[in-house]
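Labels A, B, C and D are assigned to the chains in the order they are written; within every chain, residues are numbered from 1.
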Amino acid sequence: MSPADFTALLPLLVLAGTATVLMLQVAFLRSVNVTAGLAALGLAVAALSCITAASQAPLQVTPLLQVDHLALLFCAVFCLAGAVTVLLSLDYIQCHGDEPEEYFLLLVLSTMGACILASASHLASLLLGLELLSVALYALIAYPNKSILPLEAASKYLVLSGAASATILFGFALLYAASGTLSFSELGLRLATLDGADPILLVGSAMVFAGLAFKLSAVPFHLWTPDVYSGAPAPITGFLASVGKAAVLLVMLRLFLEADLLRYRILIELTGLMAIFSMLAGNLLALLQSNIKRMLAYSSIAHIGYLLIIFMVSLDLGSRTLAIEAAAFYLVAYTVTTIAAFGLLTVISANQAERENVELHHVNGLFWHSPLLAGLFLVSLLSLAGIPLTAGFIGKFYIFNAAVSGHNWILLGALIVGSAIGIYYYLRVVYHLSRRPEKHHTQPKAAGGWLTRGLACALILGILLLGMLPQPLMSYLQSIL
Amino acid sequence: MAIWLIPFLPLLSATLLMVSTGRMPRSLTAVLGAGSVGLAALLVALLAQGFLADGQVREVTLWTWMAVDNFTPRVAFYVDGLTIVMMSVITGVGFLIHLYSIEFMWDDESLCRYFAYMNLFVAAMLLLVMADNLLLLYLGWEGVGVCSYLLVGFWYRDADNGKAARKAFVVTRVGDTAMALGLFLLFTELGTLDIQPLMVAANANWQVGDTLPIVATALLLGGAVGKSAQLPLHTWLPDAMAGPTPVSALIHAATMVTAGVYLIARNYQLFLLAPPTMQAVAWIGVATLLLAAFTALAQHDIKRILAYSTISQIGYMFLALGVGAFASGIFHLMTHAFFKALLFLAAGAVIHCLHHEHNIFRMGGLRTRLPVVFWSFLIGSAALAALPFTSGFYSKDAILLSAWEQPDIGPWLWAGGLLGALLTSIYSFRLVFIVFFGEAQTEPDRQPGWRMAGPLLLLCLLSLIGGWFALPLSGVFPENGHAQVNHSVEIISIATPLLGLLLAYLLFLGRQLSIDKLLASPTGQALKSFCLSGWRIDNLYNALWVRPYTNLAHWWRNEPIDQLYNAVVAASQWSHRTLLGLQTGELRWYATSMVFGLVLLLAIMLRNAT
Amino acid sequence: MSMLVLIGLLLVGGVMAWLAERIAVNLSRWVSLATVTVSLLYLLGIISGLPEGSLQLTPDPGDGSSWLLYLHIDWIERFGIALEMAMDGLSLLLVVLTLLLGLVAIASSWSEIEFKQGLFQANLLWTLAGVCGVFLAMDLFLFFLFWEVMLIPMYLLIAIWGHEKREYAAMKFFIFTQVSGLLMLLAIVMLAWHGQKVNGHLSFSYFDLLGLPLQGRSGWIMMLGFFIAFTVKLPSFPFHTWLPDAHTQAPTAGSVLLAGILLKTGAYGLLRFCIPLFPDLSAQFAPVAMGLGAAGVIYGAVLAFAQTDFKRLVAYSSVSHMGFVLLGLYAWNNLALQGAIMQMVAHGVSTAALFMMAGALQQRLHTRDMRRMGGLWHQAPRMGACAMFFAVASLGLPGLGNFVAEFLVLAGLFAVQPWLTAIAALGLITAAVYSLWMIQQTFQGKPDEQRSMSDFGSREMFAMTAMMIALVALGVYPQPVLDLAQPVLDGLHGLVQDSMLVAQVRP
Amino acid sequence: MGGLQIPMTHVLLLAATLFSCGLLGLMLRRNIIFMLMSLEVMLNAAALAFVAAGAKWGQADGQVIFLLILTVAAAEVAVGLGLVLQIQRRFKTLDMDQANRLRG
């Protein structure tokens, strides 16, 4: 390995180092704040190191990792998201009394898994990244082990996600059996020479696709999503919903593009079909949901549906770059928004007996006793709903443009119908936020220290900035693709 | 002289009265209300004097109302002989009625509102007749309609009054809408709404009997029929009697209801291009005058009798217009304004002095108790019945003669008019005999004061001598001198009202002829109630329009369109619940669903590959 | 730049009004009043600073720099989106109307709102800012942005300060407009990409997208996307059902803004975007659009008559009146277009006044149910007189603004579609039926002697009188409004030949 | 080499059968421990397939992946068993049908 390779791997190395340091630190000094601080610092440094690493990009580091600008961009996004999650979790985790240092360690590892996924170009790295991400998440979800909901969520996630991983692996085994390679780009080259109708290939690719679709919680593999989301601690849900999804989508994108699975038109059409069903079912399921976390879970199914549109668009060579650009922008916007939304939910739910359940009536009149929190929550909801001036809108606008450019009218129709339904349930929360407080019913002030508030403000600022001045990010995306 | 001052004065007064909202002293209110119209009347007199001296048509443009492309209606006045006649009637009779109102309405708490509406009405009516284009005329036309609505519903506490007012407005609005369509047609086809250029353009572009002028005049006729309470839109007028009696005198007898006649006369050149419409006008006139006369025979509300007689008399005017005797029509309009205002005011005096009693069968013997009123009523009835040498005699005679001279249909029209004259005479003297002769039923509690008596006397005079006025209409309408006067026709015309008087005497005063037995029989009963209800036309319209409309509104109340959207909502809620049914929370089911999904995917993939 | 300043003024004013509440409870409404007044003065200042006679010049619809004001700042180059704004006579007219009705809205909420006045006023001002943006934006993306964003403060106005069923009403309002907005977004994006194919570069500028050749199915989709978005807002039959609920539940100021201004954005959109961008398709579509307009006129009037709720009645009357606007726009001759523009202004004033009346009644009687009113004239003659005035205005009494509008529309329409005109003219009759029925149920009839209610005070009378004078002025001398709009229409006629949509009025 | 050559397809079929057994186990067993075992079977089925495929192409990759899968499976099971302990403590049962508070 050359020095350039090490530079390119710098973010991963920093993350690995952080994990090690954390373990050592816990061995010597037990302090939640120090651990969290170190974790956040490590993640932030890893994010910064992406800039250094960018000087070497794009670079194929061993057959396993393709460190290109897109990967680094998302590496940075994931690390920052991880750092924010660390800080948002502080309040939450301290209520749990016993030593929660490993929580942060797990978060760092999980982030690392996501970063590996972002640049994976080989089955081995895919497997490593995916499992690093997932296994750490099982533990994180189950972390508040005094209550039973997280436990239930974690066990469901573990069993199902394990099955999905097994499916992916089996699929890859079949692909390997047919093609003899495990590297994405090699696979693409070999596929071109093989018989496209070979059932082993077909079954293999379908199984890989099914496994990934499960991880993305696209319909019909979506049933686990609301249970896991609502059972998990809110910051972790945010992390899972944003980083967990984005990393998988990135690796799927890379796999489809580099291994050229786009040649299987039926597979892509299935993604289209899945997109349509995800958009409709996700939004419909969220429609009358009174548990906010479950609602956001269902809505995340819909968002995945929106994102899956880009695979159909990619079929059109002229629109492929635009599609990837749209996906990248959407993912960044979605990550920021989701982290913000769940982070705010963490704060809002701080006073509840059972923190995992946030019902609509819990936020009644929030606008009047915690205007700042409510205002920030409002912005994140509007961004999720895709209202202009927010990042979510620009993301949706991007996908609109991509789909129009690729002439995918049916998907556009579903996108419009889905968004239309979506408006209802997001607005319902807004309505509850702004309900007039009843006289005899005074709610205690929502918690959240200055750190949390500051972070929330920063995230919301990010959402608004991306929504109002998206050009820098767009230019950057254009330049790297 | 500033012609614009004439409508402006009442308008100004109306505005002042409205702004004051009753905080002005009552006497000042009265002075302002009646004075402004009096001043306007004075100005009209000056104007008329000037006009009679030089015969010059006066045109005044105030400003261009709006200008879009070639649609440039102006706020401008056109004063010729016809206008002068109308203005004189409006301000002259109007002033007398205002004067009378002071006493009649003195005890009413809303005196100020009353005079404000009345002045506004006079202003609008003046605009109507002075307008130099049809759009401004339409403004006046709608303006008088609103004033009529406001005044009919003046005593707003009684919901029936409100209903009558709305009926008046809506029914006339039906006609107005037709008229508006007529204006659109005229403008689209001829490019202007200015009346004089319009006439020129119509004559230049259209031949007699073309379709377009027929349609246009038919639409205008719709407006005229509505406003002038002719068949089939006459039903509002009897109900409009709910307003104060001076209002009935001014609006529903002397001025507003004759606006339709004015409209046709003003646009007579247009109507001459459309003979079928002219015939329709004539037939509508005859039909209306007969229907209304028959109906009047059966009524027992003093004001309703007068209302039906108004409808009937306007029928004569329409007859005149329909046979091309425009000047006679206008002549009858003027004399009718005199004697009908007189009758209404006298009736008002009776009602005023008799504790608001309307039923003629509870009156009686008032000849000695209210002598001034009696003589006024007698003179008015004589003029209405067209007894010789009253004003009504001259005007109605002229109409009947013109009808007779009409080729082909003339005798039929004449016969109808003649029958109407007979009936008119019968019901007018029935009224006189029942109210003023016989046993006294109710004692009057007061006598009319000078402000009531004065106008009555003046109107008596006018009703008597009005027939000798020479109207300055020669420049307006084409001359149609009566070529050969058929003496027998003339004699029959003169004799008919007298016959009617005799019949009325025998029936209602002398009781030599009794129709009690006839009325007691079932057919008689039915006939009487048929007449009393105005030939059940109200019921017909209720069944045809009113009830279907309210039913439709009731049926639609819950928004049929919204049901469509509700269905969408219900469908999405249903799918929500169905999909939610899958979220059982059981791990094994989730695993099963995954397997299903996987199998489905594999099946689709393999199926498509082969 | 001045246009940005204008919008910025309103936005900042909103924030200040919000904060002012912390200093003194009632300060915020004064701040709000001052903000709108200053904006209005600022706008008038700009206009008076324009070169002599520029208001009479015909702006080239295809070139924003020939308009009264023009602004172009690059924004999102990736998609060729710019902060592009321009003002011509039409925009000016509507912006002035917006600000004036903003004053009315503030006045109508003066004593009505007690809960969180500051935020209320802020939302009010933000709505105004959004609407001004809609009237000025010339980049379709920017237009869409304003179009959507103005809904949020409006939504909050209804959802927070509304009446009993405010959740349902606010939601319905928001979803209807949002869904139609999404269709418009689709149309905008499609149009931009179509433009890219023709012009070679992606741009969302109105001026770049004018005159594109559009045919076939995708053309129809785009045209309908715009059309539906605008007719939902207008609202036109059959997309009107959100309006009665929103109006009924909104606070008075909200109703005033909704009826007075927000509905006009729909009409503006049709006139500015839908027809000029798709002249051929609009020509083919015109009969359908006019049919919808006529249906709206009748349907709205019938339903207005069926209502027992005062505000609902007025809301349905709006549906009826806006039907005339749709008719006028698609008749596409000068007469009808001028009528439609006039209707926007006159309806804005008359309906705003009626909603103020409804608000005043509700404040005094705590009900909007007309069955529980009756004979109010006795207790409140001044209110009665005002109600009467605006009722006859809304039934189209000549001499008042609404008549000029409706007459021009119908006169223009007659040249195109005589039979449809006849049907629409039925609206004149039905308008009389419901307007007078409303007066009968509220102010006439037997008064309830037990009831005590106060008449209009001087502040309310002042607002009412101002609106009465405005309507009379519009009714007897509408020329200033017509003159302001005429150059714009001339420009549009140059773009979309009369013959394309309909025959010109014969001379 | 020599000896008995087993065709790859047969091994793959065996792996597929194993995989299906694992899936069936997931669908049918209520006990969380059996579910974890089924998971293990599925992962090992995949691993077997890799070994077979690696043998076909004569590469070490298949076996490398086998080792990786082994590790991953161990990690999963480690976390899984930790959860099993907690579940037993909180729910007093290992029947996953009882753990359905999260639904709807």
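As a working rule, a residue touches a chain if its C-beta (ideal position, glycine included) is under 8 Å from a C-beta of that chain, and two chains touch if they have at least 3 such contacts.
In this text the structure is predicted, and so the values were computed from the model without any measurement.
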Chain nearest the overall C-alpha centroid of the shown protein atoms: C
Which of A-C and A-D has more C-beta pairs touching across its chains: A-D
Length of the line joining the C-alpha centres of subunit A and subunit C, rounded to whole Å: 43
Separation of mean Cα positions, subunit D and subunit C [Å, integer]: 65
Centre distance in Å when subunit A and subunit D are each reduced to the mean of their C-alpha atoms: 26
Distance between the centres, which are taken as Cα means, of subunit D and subunit B, whole angstrom: 95
Subunit D, residues touching no fewer than two other chains: 23, 26, 35, 96, 99-104
Residues of subunit B whose C-beta touches two or more other chains: 580, 583, 585, 587, 591
Subunit C, residues touching no fewer than two other chains: none
Touching pairs among all chains present in the structure: A-B, A-C, A-D, B-C, B-D
Touching residues (chain side subunit D, partner subunit B) in the complex: 23, 26-30, 35, 96-97, 99-104
Complex contact set, residues of subunit B against subunit D: 580, 583-588, 591-592, 595
Subunit C to subunit A touching residues, read off their complex: 75-79, 115-116, 141, 144-145, 148-149, 152, 155-156, 159-160, 167, 170-171, 174-175, 178-179, 182-183, 185-186, 189-190, 192-193
Residues of subunit A touching subunit D in the complex: 123-124, 127-128, 131, 135, 138-139, 142, 145, 148-149, 151-156, 158-159, 162-163, 165-167, 169-170, 172-174, 176-177, 180, 182, 200, 226-227, 230-231, 294
Touching residues (chain side subunit D, partner subunit A) in the complex: 8, 12, 15-16, 19, 22-23, 26, 32, 35-36, 39, 42-43, 45-47, 49-50, 52-54, 56-57, 59, 61-62, 64-65, 68-69, 72, 75-76, 79-80, 82-84, 86-87, 90-91, 96, 99-104
